[in-house]
Amino acid sequence: MALNEATEFPTLVETEHHTDAKAENLLSAANLEAIQDLRANKFQTRRPTVQALEEVLYKPFSVLDHGFVRVVDYMGDDGAVVQAARVSYGKGTRKLREDHGLIRYLLRHRHTTPFEMCEIKFHIKLPIFVARQWIRHRTANVNEYSARYSILDHEFYMPAPEHLAAQSTSNRQGRGDVLEGDEAARVMALLRDDSERAYAHYTEMLNENAEGETLDESRTGLARELARMNLSLNYYTQWYWKTDLHNLLHFLSLRADPHAQYEIRAYADVMIDQVLKPWVPATYQAFMDYVHGAASLSAGGLAVVKRLLAGEAVEQAGSGLSPREWRELMALLERDG
Amino acid sequence: MALNEATEFPTLVETEHHTDAKAENLLSAANLEAIQDLRANKFQTRRPTVQALEEVLYKPFSVLDHGFVRVVDYMGDDGAVVQAARVSYGKGTRKLREDHGLIRYLLRHRHTTPFEMCEIKFHIKLPIFVARQWIRHRTANVNEYSARYSILDHEFYMPAPEHLAAQSTSNRQGRGDVLEGDEAARVMALLRDDSERAYAHYTEMLNENAEGETLDESRTGLARELARMNLSLNYYTQWYWKTDLHNLLHFLSLRADPHAQYEIRAYADVMIDQVLKPWVPATYQAFMDYVHGAASLSAGGLAVVKRLLAGEAVEQAGSGLSPREWRELMALLERDG
Amino acid sequence: MALNEATEFPTLVETEHHTDAKAENLLSAANLEAIQDLRANKFQTRRPTVQALEEVLYKPFSVLDHGFVRVVDYMGDDGAVVQAARVSYGKGTRKLREDHGLIRYLLRHRHTTPFEMCEIKFHIKLPIFVARQWIRHRTANVNEYSARYSILDHEFYMPAPEHLAAQSTSNRQGRGDVLEGDEAARVMALLRDDSERAYAHYTEMLNENAEGETLDESRTGLARELARMNLSLNYYTQWYWKTDLHNLLHFLSLRADPHAQYEIRAYADVMIDQVLKPWVPATYQAFMDYVHGAASLSAGGLAVVKRLLAGEAVEQAGSGLSPREWRELMALLERDG
Amino acid sequence: MALNEATEFPTLVETEHHTDAKAENLLSAANLEAIQDLRANKFQTRRPTVQALEEVLYKPFSVLDHGFVRVVDYMGDDGAVVQAARVSYGKGTRKLREDHGLIRYLLRHRHTTPFEMCEIKFHIKLPIFVARQWIRHRTANVNEYSARYSILDHEFYMPAPEHLAAQSTSNRQGRGDVLEGDEAARVMALLRDDSERAYAHYTEMLNENAEGETLDESRTGLARELARMNLSLNYYTQWYWKTDLHNLLHFLSLRADPHAQYEIRAYADVMIDQVLKPWVPATYQAFMDYVHGAASLSAGGLAVVKRLLAGEAVEQAGSGLSPREWRELMALLERDG
C-alpha cells in the first residue's frame, strides 16, 4: 500500500537559519523521494477538494532551524462551514446571504460549531519546549514520535542571533533587548556544548548510535525510556497533530498573538500564511478581521469610548478603569491617554 | 460552488418499514438529483482515498421508518492508523509487524490514539428521543437542523409491530414480549393520532405550513422557537455528526450492544456494516474480535475460570462472586452454573 | 448514609408563574424535609469553603413555571483561581498584584486555565427543549433522569402570557411582538390540551400511573423506553450538571446573551445572580466587565473607531465595513451612523 | 485570606531515595509551616465530606527521589456516584440494590457517567519526562509551574540502582535486566554530571540564581523562556492537576499497568493506595476487581475458553488465534499452551 511507505519521517538535514525557499533542499535524498512518491498520488474522489491546498500537500514548510510544518491530510473546505451553518439556520439562509458574508457572520457572533466540520492533519517537527506549550491545547489528536521506543535524532534548536533576547525588565512576560557581544557568544557556546554533550552521553548510555548499531559489545545499554532523560528541552521531537478548523483558529489566535513566545509563534505564523489561507480563504479573511486583528472592549472600556466619541475629555481618574486597564485601552486606541 | 448546492437535505418521502434496498426509491426527485450531482463529482486528490467508501459516498442507508445514515466526507484509512502507530512505536515496527497484525495489537492493548487520526462525517436523520441518547457522546462535532429557525418536517417514528415491546418484568432495562392484538392496535392508534394532532397544531400555532406559507393572514403566528415545544419526541430531526475513528468505535461498541435501545442500535448496526467495514476493513475486523465480540473478566471471574480449567468443581457459594456476578459469568461461558 | 437519603428529587408541586420568593412553598412536604435534612449537615472540613454559597446550598431557585436550579456541591473559590494563576506566573506575582486585580487580568487576557480549578454541581429541572440546547455544551458532566427506566412527572412548561412571542419579521433569530387576544388564548389552549392528552396517553400506554401502579390488570403495558416518545418537548426533565468555572462562564456568556432563547436565558440569569455572585464574587465582577458586558471590535471596526476619535466623519461607504457590520458597530457605539 | 498563603509550593529538600514514612521530614521548615496552617483549617460545610481523605488533605506523599503527590481539594464521595446513578436508573433502584453492589454494577457495565460526579485536585511534583506522558490525558485541568516566568528548582531525577534497567532484548516496550558494576556507575555519573552542568549553565545564562539574585551586574541575562531549554528532561516540574473520578480511574488503569513506565507507575500506585482507597472505598474495591485486575477476552479467546471448559484439547494451530494472541491468552490463563 503506497500510503504506508510514507511512515518514514522526512528528516531535514542539519543546517541553520535557512530561508523558507530552501526548505526542500534540506531534505535528505531518501526523504525527498518518499514525499515525491506521495505527491505523485492521483486518486479520484467525490469529496470536497481544495486545489490550492493539494498544491502544497505533504510539502514541508521550514520553521526555526530544523523544524517544519506540513499538511498530510485534510477534510472539508469553506463550503463545509457554510453547509453546516445552513443546517442550523435552516432553509431561509440560502437566499439571504452570500457564503462569504455568512462565514463572517458566524465568526463575528461566535457561532463556532460549523467550523468544527473541517479537519486537518499536520506533521510537525518542533523543539520539546515548544511541544510542551503546544500540547496544552487539549482538543486535538496527537501521535508523537516516542523516545521510549525509538532513538531521537541528533537535532537541537539554537536561537538565531536576533532572537537571543534578554529577560524583559519592565514586563515579566515579554522579551527584552537582544544579547550582544561576549554575552551572546557565551550563551551560544553554552547551549551548543551542552546540547552536543547531552547527545553524546545519550548514545553512550544507550550503547547505540542513531542508526541503532551497538557501540560496545561488552556493554548492555540503558533502556531508551531512561536514557532520553539526559536530553535537553531544545531537542527536536515530531508528531502528527490533527484538529478541527474551530480549534485550529483558537490555537492560532493564541499562538500567533504578540504575547506568545517567539518560537511557537513562528509555527503559528507559517500555519496561517501557508495553510489556512489556501485551504479556507473565506474563513482566513474573516479570522484576520474578527479574531486575529480584533480587540475586546470591557464594559468600562466601551463606556469610555462612547464618552470620547461624544467629545468628552476623559482621563484615567474619572474613567472607572484601573491605571493598567486605562493604559491598555489607550494603547489599543493609539492615544496618548 | 457545486458543494453548496447540496445544502438542501434529501428528504425521504413518507413510507413505512421499507427494506434497505429501496432506500433510493424513497427520495423525492429533487433530493435524488442533488445527491446524484454530488456523486458525479470527480476531483483529483493526493489524499488517502478509499474506493469502497467512495462507492457509497452521499448515498443514504435507510434506518427505521423515515431515518437514514449517509457518509458525506471522510479522512484517512487503515493506513493512517498504521502510520500514526509507527510514529509512536518508532522505526523498528516497520519490519516487525504486518499492518493487519499491528492494528489488532493496538486495539487489543488499548493504544487508542492512532485511531484518532481518521475522521468521518455523517448526515443522519433520526427521531428526537434517539438524538437525545446519541448526543451524550460528547467527543463529536454536531450541527443539528434547528427548529428554532426552521420548520420541522412532518415525519414521526412509528415502531414496526415486531418492535412494539412490553416493559420487561424481569429486567428493568430490557424489553419484554411484543404487544399483540387490541393492546397493540390501541398503542399504534394513540401514537399516530397524537403525533398527527401535534403537527397540525404546530403549524396552526406557527400560522405557516411546512413550506413556510402563511395560513391565515389575520393572525401573527407564534415564534418557531416556541411552537416546536408542541411536537413529540418521536418527530424526526437531522444533523451532521462528525467524529474520529476511535470515538466512532466507542460509540458503536456501546450502541450496537444488546443492552442498547433497539432504535439507536438500528443506526449503529447500519454504521458498522455499511460504513465501518468498507472504510477501514482491518480495523473493522479487529473491532469485531476485540471489542464488539469481546468479554471482560473481573479479577474474581478470571480466578473462577482458572479453577474450572484446572478441573475444580466451582459453585457460586465458594466462588467469591455475588449471585448476580456468578449468573453473568455463567451466561458468558454458556454454562449452567 | 445521610447523603443517600437525598436521592429522591424534590418535586415542585404543580403551579404556574410563581415568584422566586415562593420557591420553597412549592415543594412537597416530603421533599422539603429531605432538603432540610441535608441543610442540617454540619461537617468539618479543611477544604476551601465559601460561606455565602453554603447559605444557599441545596436550596432550589425557581425558574419558569416548574423548573429550578440548585447547587448540590462545589469545590474551590476565588482563592483557588489566584493560587493556580500564581503557579503559572511564578513567585513574582505574589508581590505584584492584588488578588482582585489578578483575576481581572486573567479574564481580560484569556488566561482561562486557572478558572478550571473550581468546580460546581447543579441539580436542574428544565423543559426538554431547553435541555436540548443546554446539552450542546460538551465540557460538562451530566446525569439525566432516565425516561427509559422511570416514569416522567406530569409537568410541562406553559409560557407566561408576556413570553408568548410572535415570530420576528425582521430578524429570523429574535422574537417579535407578544401574541394577544384570541390568538394568544388559542395557542395556550392548544399547548395545554395537547400536553395533557400526551400524558394521559403516555400512562395509558404504560398501563401505569406516575406512582408505578398498574392501571388495568388485563393489559401488559408498553415499554417505558417506547412510551416516552409520546411526550412533547415542553415536558420537564431533570439532571445533575457539573462543570468547572471556566466552562460555566462560557456557558453563561452565551446563554445569558440577549440572542439566547428566553427560556434558557432565564436559567442563566438565575445562575449568575444567585450562584456565581455569592460563590466567586471577584470572578463574578470581572465576568460582568470583561465578558458579559464586553464587546468585540473587528480590525475594521477598530479602524473606524480610531478615525472617529480623530474627528473624521466616517460613513459606511468609506468605512471598509459591510452595511450589516456598519449597523452592528453603530448600534454598539449608540450612534446614528 | 488564609488560602492564598498556600500559593508557595512546598519544596522537598534535596535528598535521595527516602521512604514514604519520612516524607514530612524532607520539607523545609517554611513549607511545613504553610501546610500545617492549611491543615489547621476547620471550616463548617454542608457538603459531602470524607473524613478519611480529610486526614491526609494537603499532606505530601513522597514519590521517586524528589517528587510528591498531595490532594489539595476534592468534591463528592461514593454516595455521589450512587446518587447520580439513581437519577439515571430512576426510583426503582433505591429498593433494589445496596450502594456497594450498585457501584460494582456500574463499573462492570461501563456506566461511567456517575463517576464523573466526583472531582479531585492534586498538587504533583514530577520529572519533565513523566509530565510529558501524563499530559496526554486530555480530560483534566492543569496549571503547571511556568519556566517561562519563573526559575525552576535545582532538582533532578536520578534512578535508584534497582531501577537502572537495560533495554529489553525480547520486548521493545519493557525493561530488561538491571545494569550493574562499572556500566551502572558510568551511567549514574553521566546523568548526574550532565544534570548539574545543565543547571549551572542555566543560572549562568539567566545571570540569576534560584532565589532571583543577579550574579554579575555587568551582564544582562538571557530571557527565562529561552534559558530553560538547557535543562534536561529529568528536571522536576510541578502542577495542579484536577480531574473527575471516571477519568482518574482511566488514568490509573493505564498508568498502574505493568506495561507503563516505572517512573509514572510509581505515581499511579501511590494515588491508588493513598488517595483512591480512603476517598471512595467502594469504588476502589470495584476498580480493583473490574478494571485493575480484570482481563479482556477477544471473541476468539472466549471461544477457546469455552472449548477448553468443555474438555477439548485446543492448540494454537486450531484455535483461530495468531501465535502472539495464543501466547497472550495462555499467559492470562496461566497455562502452558
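Here the chain labels run A, B, C and D in written order, and each chain numbers its own residues starting at 1.
In this text, contacts are C-beta pairs under 8 Å (C-beta built on N, C-alpha and C of every residue); 3 or more make two chains touch, one makes a residue touch a chain.
Worth saying up front: this structure is predicted, and the values here are computed from it rather than measured.
Contact with subunit A and subunit D alike is made by B, C. The rotation that brings the Cα trace of subunit A onto that of subunit B spans 180°, given to the nearest 5. Looking at C-D and B-C side by side, the one with more C-beta contacts is C-D. Rounded to a whole number, the gap between the C-alpha centres of subunit C and subunit D is 35 angstrom. The distance from the centre of subunit B to the centre of subunit C, with each centre set as the mean of the Cα atoms, comes to 29 Å. Across the assembly, subunit A contributes 89, 92, 113, 136, 142, 149, 172 as residues in contact with two or more other chains. By the touch criterion stated above, subunit B contacts subunit A in their complex at residues 1, 3-4, 6-9, 38-39, 41-49, 54, 57-58, 73-77, 79-80, 82-92, 94, 99, 113-114, 116-117, 119, 121, 141-146, 149-151, 212, 238-240, 242, 244. Those residues of subunit C that touch subunit B in the shared complex are 127-129, 132, 135-136, 138-139, 142, 148-149, 157, 159, 164-168, 172-173, 175-177, 179, 183, 187, 190-191, 194-195, 197-198, 201, 204-206, 219-226, 228-234, 261.
Of all residues in subunit A, only 89, 92, 96, 101, 104-105, 108-110, 113, 136, 172, 254, 259, 288-290, 292-302, 305-306, 308-309, 322, 324-325, 328, 332-335 touch subunit C in the complex they form.
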